[in-house]
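These notes concern the structure reproduced below.
When the chains are written out, they are named A, B, C and D in that same order, and each has its own residue count from 1.
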Amino acid sequence: MKLTCHESNSIRIWAADGKSLSRVRSLGELLAVDHTAMHEQIEREMAKPTEAPVVAPVDDGQEVWAAGVTYLRSREARMEESDTADIYDKVYDAERAEVFFKGNGWRVRGPGQGIRVRRDSGWDVPEPELAIVINAHGQIVGYTVGNDVSSRSIEGENPLYLPQAKVYDGSAALGPAIELCDVDAMRSLPITMRIERDGSTVFEGETNTSELKRTPEELAECLTREMPFPQGVILMTGTCLVPDEQFTLTQGDVVTIGVGSLELSNPVVP
Amino acid sequence: MKLTCHESNSIRIWAADGKSLSRVRSLGELLAVDHTAMHEQIEREMAKPTEAPVVAPVDDGQEVWAAGVTYLRSREARMEESDTADIYDKVYDAERAEVFFKGNGWRVRGPGQGIRVRRDSGWDVPEPELAIVINAHGQIVGYTVGNDVSSRSIEGENPLYLPQAKVYDGSAALGPAIELCDVDAMRSLPITMRIERDGSTVFEGETNTSELKRTPEELAECLTREMPFPQGVILMTGTCLVPDEQFTLTQGDVVTIGVGSLELSNPVVP
Amino acid sequence: MKLTCHESNSIRIWAADGKSLSRVRSLGELLAVDHTAMHEQIEREMAKPTEAPVVAPVDDGQEVWAAGVTYLRSREARMEESDTADIYDKVYDAERAEVFFKGNGWRVRGPGQGIRVRRDSGWDVPEPELAIVINAHGQIVGYTVGNDVSSRSIEGENPLYLPQAKVYDGSAALGPAIELCDVDAMRSLPITMRIERDGSTVFEGETNTSELKRTPEELAECLTREMPFPQGVILMTGTCLVPDEQFTLTQGDVVTIGVGSLELSNPVVP
Amino acid sequence: MKLTCHESNSIRIWAADGKSLSRVRSLGELLAVDHTAMHEQIEREMAKPTEAPVVAPVDDGQEVWAAGVTYLRSREARMEESDTADIYDKVYDAERAEVFFKGNGWRVRGPGQGIRVRRDSGWDVPEPELAIVINAHGQIVGYTVGNDVSSRSIEGENPLYLPQAKVYDGSAALGPAIELCDVDAMRSLPITMRIERDGSTVFEGETNTSELKRTPEELAECLTREMPFPQGVILMTGTCLVPDEQFTLTQGDVVTIGVGSLELSNPVVP
């Protein structure tokens, strides 16, 4: 077995028999352990490409934000749940969009990872959304699938509770990939959601980004107008695809969201 | 184009359309630059596997040592060049081997990289050697090709000048790979050297590691007996393949050394 | 001049004539530059303790959150500015507190650094607050001074615009220090605010944390109930000290907030 | 207790009540542990300046080299121990100095740390030396005390064994500080050595750097002529102060070396 070292721009990549050993940072790591352990580590590394799970396509350095009331249906959904329905109404027609913080990148769940409902909430829903990827220059460079899991009971109790309804451990999922493309390629993408429970489908629906009241550019501009994001930012663009009022997300459910050619699936965990 | 992020043991690997972007450490790097620069960086990265040159298979953390007078011929070679021939004679037959420091890993040249002769030396030679790779436990885990470029004029002037004859910028080359194998696989390997100058071969020779007076284990034990190498160490094992006395290495020469199935080639640069 | 190196827990601290050179990470840094540059660097370092400005006592790893409607006055203040006054009313009396994201640590301004008003806002105020420091275990370990700069015009337009009214570049300041103390020491601290403009005081007021409707423990529990903060979190606890309706914060103003023995002062910059 | 954060050139230094907490890299470290552990860590840190032991003033990035036969006495010492006395004689008078590798910075022992003799050696001595500190530009920027512990029996057996006599675990000590000064300040420094065994002094001697046959500049030039040291290098300059032939260094001995105003003391450990 041949161990080679390749270097490009000061990054060294060790390879065994031509296969990259991405986790091996230095020869010293391999020579610090004994002969047997070294061969085991190399074999694990050579088998790795199929092992390494896909994770959320976001880093610690990106914040995740979301927009609300961007589709007709989501305005209506909120009117049902709130005494103060007109504040949603007003946003829908106002010049200023609604954006809110959804969490830092390190909290976001990737494909197959568990999402959660709050223990102090009684009515919870997933929200399938086109999530746009914005760079430090405010340019939209791609999109991914976003699941903006939300507590409707907490949000419905008072709009001032929105951060608690929207931001908690396991409330956001992104993935499986970023589709790098022009913003025009996002204007008419199918969005689907399927929720499975105990082997059967308990919700299934479809919409299209062409139903968006605001353009991705407009939402990106609203978010970045007064705040720099030196490592970029992810912005979920809202939804109109929500289950009926009697539905609430339950532990064990599996939520699968499709946007364009991407599909993100997450189980609900305790 | 799809950008995914894979994670294994906390190491995140970004990939575009399935090809690893090894130099991209985070999404933030891609989102910090503008749209065009991002696509250029991704394309460079995707093309990289064939671009990244093979470098010396050694890290900053390893010292490189060498052994001397381990073949009959090298004893004779040194007797010619030294007034004090008997000190080489004595080492050949002594219980204690001769080992000396050859340089730290970061100074070593890899395949195709330039080697050098000292400007204050008049008689210089490459030395083709089996270089054994020893781990922190003193175990021999593989070998590579070593070129122990030396100033015979400086060494010949006085044995106390050995460090100056052996250790200087461009005096050591290793590569192209580490052949991971049992020490028994090193006992009878052909060693060849060819030196080309202006298109013609000015030296060609061959020997075999079976001619070694001392075993690799014995040399490794001598080196590690009183000194720990927590990240391992490389030990060149000496040579008996040296050009005639009238030969001296010259800028522009290309030295190609083969050990077993490995071949290392280096030009001599100013 | 004597250069020594001290080591504790693998951290090496270089010192010259007994004064710590905190920025000098290694001898190599000093030896890489020439003789004159080395002496200049050492002299800068030795003079540093008085040079190094105090910055916001928060790291990239902490999020900063804030609570609202925690004092009687702030409930009233918001009733004036909103059509939907009752949602503030309801929070004041509800079991669930209102908490919202205020920004990540790296965005926060420290003592003397500029705070900002949004360019798309017409009515802006500083909010002087007790900011509690909560560790990963949910324990309150100290406090600092917080300035929760806010756009009243944007918040007043619609409660759903709260994140835009509260989170933007230059909207948060913390400092100058964290007073490490028991939570009981925070129950009756004077909070003062003074705003100077063109050399005269345009606002001056005082309140006390004893006026808080909710305890720090209650607010901390609300924030950490469903979300872990592995590196801790800072929570501003709301205010009741706001200038009159005709006041708006203007470029050049200097806002000085005192909480207990701490005082934080920031100019308003463009 | 007040915790402040100071920043200079992007380095953040946390301080409690004005005392630097040099090991505390971030607030996150303090907030990740519980209240009690946090206070214990801060208290340890505040007490640290007196705790942190002085270590060898050298980093991993510097190599340590040494020169030989630079004083009349050392030439004589070696003549006694070697059959091939004339090779030492010749170096003393030759144009080219003798320099040899003594070890990498991370192997070097600091004040109070144990030095060693090889288990396979029967005759061992400390060598008290002026150690000059050379920067990447070849400039001499200061000096420290060096102890070049050596096996005279191994070196005496054969000059080719010099690396084994000179380079092994515990063979080099440096410290306690680097005296930054002009090279002229090194030309006439007293060098003293005292060896204590079981409470009494078994060797005591003194010499002066004015006895050096070669200048520090000449030795530095010889070392750096054909080899760059991008992080600088330490060069021990040889000795003429050696105990009598019947003396050999023994476990438990304490060796104290003075050069100029610096004094380095090390026990001999197993």
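Here is the rule we use: a residue touches a chain if its C-beta (ideal position, glycine included) is under 8 Å from a C-beta of that chain, and two chains touch if they have at least 3 such contacts.
Keep in mind that this is a model prediction, so the values were computed, not measured.
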| item | value |
| --- | --- |
| Contact-graph separation of chain B and chain C, given in steps at minimum | 2 |
| Gap in Å, rounded to a whole number, between the CA centres of chain D and chain B | 30 |
| Distance between chain centroids, defined by C-alpha means - chain A, chain D (Å) | 56 |
| Rounded Å distance, chain A centre to chain B centre (Cα mean) | 48 |
| Where chain A touches two or more other chains, by residue | none |
| Arrangement of touching chains [line / ring / star / complete / other] | ring |
| Chains touching one another, given as label pairs in label order | A-B, A-C, B-D, C-D |
| For the chain B and chain D complex, residues of the former touching the latter | 63, 68-69, 84, 86-88, 90-91, 94, 96, 98-101, 104, 118-120, 154, 157-164, 167-169, 222, 225-228 |
| Chain B - residues contacting chain A, complex | 1-9, 11-13, 16, 20, 22-23, 26-28, 30-35, 38-39, 42, 48-49, 51-62, 110, 133-137, 139, 141-142, 176-181, 229-233, 262 |
